[in-house]
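Here chain A shows up in two complexes: once beside chain B, once beside chain C.
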Partner chain A sequence: MTWRTATVVGLHDETRTARTLTLAVRDWPGHVAGQHVDVRLTAPDGYSAVRSYSIASPPSADGRIEITVEQLPNGEVSPYLTEEVVAGDELELRGPIGGWFVWRSDQREPIQLLAGGSGIVPLMGMIRSRLLANNAAPFRLLYSVREPEAIFYREELEALSAKHVTVNYAYTRAVPNDWPRPPGRVDRDLIASVTWPANLNATCYLCGPTGFVETVADLLSMAGNRREKIRTERFGPTGERK
Partner chain B sequence: MAIISRGFTGRRSAAEAKLPPGQYLTTDFPVLSAGPTPHISLDRWDFTIDDGSNVLKRWDWKSFRELPSETITTDLHCVTRWSKLGTSWEGVSLDVLLADLKTDLPYAMFRSYGDYTTNLPVKDIINKQAWIAFKYDGADLAPEHGGPARLLVPHLYLWKSAKWVKGLSLMPHDKPGFWESLGYHIYGDPWREQRYSEE
Partner chain C sequence: MSSEAYPHLDGNAAAGELNRIFAFDITATEGQCSNCGARRRFAEAHVYMKCPGIVARCAGCGHVLLRLVNAGGRLLLDLRGMTYLVLDTSQFQDSGG
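On to the complex of A and B.
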């Protein structure tokens, strides 16, 4: 798989700690929603570091992709991408990578997306891909965040939520004013009230930190969803997967 | 020629110098798998070896645990780029499981609860290179790390060390398993950085 040159053509902050980079990639072969790329940074003495980031943008023919990077404490690559990079910089990138945690625009079955924190990134790629393809598959998203300020793509999700995807939030630490549910993790009641009933046989895409994915995958199973319909992507405490 | 990243110095340590290319050190134990963690009760667990048509060997949990086991201290290298050094395991060597099998089939497909599969050449699982591990760090192997038992083939990327393993099928020809069908390398040597199928 070849390394390609990617020029940073756009940057904007999603939250205090996360930033979206728009990259123009030379000879980008195209991708499927849910896939990721490897990004390589190289120091002047030749030392290099590579990390994987999910693609947030839908498949498109213009050779541009977006990634959203959450800055990790003591991260090696993420602080550079969230603080140092400016428009016009060139990075090296290869991909797309991954053939399991993907949503293809010819899928027609109901889709249940479940995100923990920055695990929203590949799922946003799926939502945008559905919209771009005019696919009418029913989508639901359950998005777990620490607090309202931690939501990525907030305005876009609000705009889409009326028509294209049913969005529900779970706040684990702080809730908005007048929010009916106290702060807390996703639990059995929430799964029962906001995710597709198991008899619809939805495909579930679950992405987030390991603890979130372990817990929610078990809850989905207990709610009657078949194991083979639950696809997961996890990142550990030190992982810079997303 | 690589593009130099203006202002990037990186974080390096002496220990990272002995890692395979592109890996970084971690001290915790991240989890990666494709679906929910299966919870397998020991009285329903079994492990079988077949040749594609006949079951050649079979153990239930009790007979498996009566086999001679070994402690293994080894480094782990995950394709998602973390490496963890000096991990400690207990398991049954594949040399024990494959002993006195009259077959010269050169490839194996390991099968797991939850329908995961991964392929390996037989020459990579014999001669003290692979174990069915049931303890990690002195304790029973936790379900999210592959318990009750997982394959441990530490000289290859960790996806080859199938979690929740339940057996292997010997094969005349190599065939891709789960991740190997989805863009990952057919063999997966971390020292040659064989991450993806195109390299």
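On to the complex of A and C.
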């Protein structure tokens, strides 16, 4: 798989620390929702760093993709992508990568999406892909975030909510006014009340930091979901994934 | 092996590097652990990226499945931990690899 040149053609702030980059990629072969790309930055002295970022946009034929990057303190790559990069800049990119953590538009079974923080990015690609394909598969999303201000794609999710995907939030640090639950992590009760019952045999896509993925995969399993139906993608606290 | 000290990622994280070697998408490929016999998709393997190279371990028993080291222009691949790989040929059309 070769490195391709990608030109930054659009920038959009999602939150105070996260930004979506629209990239025009030379000879882009197309992708499937859920896949990621590797981005390589090379310093003038030859030092290079590679990081993986999930694709947030649905498949399209125009050679453009969107990635959403969360800035990590002391990161080598993410501060550049969230603060310094401007339209017209070029990046090196390889992909699309991955054929397992993907949702294909001919899938018809119920889908349970579970995101921790910036783990929402590939799942948003799946939601957008479903909409684009006019697929009627029942989608549910459980999105765990620190606080309301940390939600990515907020207005879009609100607009899609109910009609195209049932969205539930879990706030771990601060909740909105009049929120019925105190801040807390995803637990057994929440899984039982807002995710598909196990007897529907939904395919679950679970993406987030390693600790979140481990915990929630166990909860899904304890709720009766078969391990083969739980697909996971992890990123580390310092790994600058996503 | 302490997942606290070295948080693992998973097979998805290693796919970009491994795609340099394999003509197919490795994440959807099923492999068998030579230690415990578990058969799982490579995407499920626990992957450690912060080593001198990449180490993938069985999600069930922790046995080393694969090591990949880039050493000065030479790429060393050790696959001793996997008995076999099963490729789903339907993935070839649109896996994007």
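Just so we're on the same page, the second predicted complex is superposed on the first by the 242 of 242 C-alpha atoms of A that agree within 3 Å, B and C clash if a C-alpha of one lies under 4 Å from a C-alpha of the other, contacts with A are read in each partner's own complex, and residues count from 1 in each chain.
Quick note on the criterion: contacts are C-beta pairs under 8 Å (C-beta built on N, C-alpha and C of every residue); 3 or more make two chains touch, one makes a residue touch a chain.
These figures come from a predicted structure and were not determined experimentally.
*Asks:* Would you mind checking whether chain B and chain C clash or fit side by side on chain A after the superposition?
*Replies:* clash
*Asks:* Based on the superposed arrangement, let me know which partner A:Pro29 touches: chain B (first), chain C (second), both, or neither?
*Replies:* In the superposition, A:Pro29 contacts chain C only.
*Asks:* Between chain B and chain C, which makes contact with more of the residues in chain A?
*Replies:* Of chain B and chain C, more residues of chain A lie in contact with B.
*Asks:* Now for A:Thr210: first (chain B), second (chain C), both, or neither, which partner does it touch?
*Replies:* Touch partners of A:Thr210: chain B and chain C.
*Asks:* Counting only touches as set out at the top, which of chain B and chain C does A:Phe235 meet: first, second, both, neither?
*Replies:* A:Phe235 sits against chain B and chain C alike.
*Asks:* With both complexes overlaid on chain A, does A:Ala49 touch chain B (first), chain C (second), both or neither?
*Replies:* Once the two structures are laid over each other on A, A:Ala49 reaches chain B alone.
*Asks:* Given the touch rule stated above, what does A:Asp189 touch, chain B (first), chain C (second), both, or neither?
*Replies:* Neither chain B nor chain C is touched by A:Asp189.
*Asks:* Between chain B (first) and chain C (second), which does A:Trp100 come into contact with in this model arrangement: first, second, both, or neither?
*Replies:* So A:Trp100 meets both chain B and chain C here.
*Asks:* Please state which segment of chain B collides with chain C in the superposed model; the candidates are 3-11, 75-83 or 93-101.
*Replies:* 75-83
*Asks:* By the touch definition above, which chain A residues appear in both interfaces, chain B in one complex and chain C in the other?
*Replies:* Of chain A, residues 1, 50, 52, 97-101, 210, 231-232, 234-237, 239, 241 contact chain B in one complex and chain C in the other.
*Asks:* What part of chain A is in contact with chain C in the complex they form?
*Replies:* Of all residues in chain A, those touching chain C are 1, 29-32, 35-36, 38, 50, 52, 94-102, 104, 210-211, 231-237, 239, 241.
*Asks:* Given the complex with chain B, which residues does chain A contribute to the contact?
*Replies:* Its residues touching chain B are 1, 3, 5, 40-44, 46-52, 74, 76, 80, 84, 89-92, 97-101, 210, 214, 217-218, 220-221, 227-228, 230-232, 234-241.
*Asks:* Which residues of chain C touch chain A in their complex?
*Replies:* 3, 7-13, 15-16, 19-20, 25, 27-28, 41-44, 49-50, 91, 94-97
*Asks:* Using the touch definition up top, name the residues of chain B that touch chain A in the complex.
*Replies:* For chain B paired with chain A, touching residues are 2-12, 22, 24, 26, 28-38, 80-82, 114-115, 144, 178-179, 181-183, 196, 198-199.
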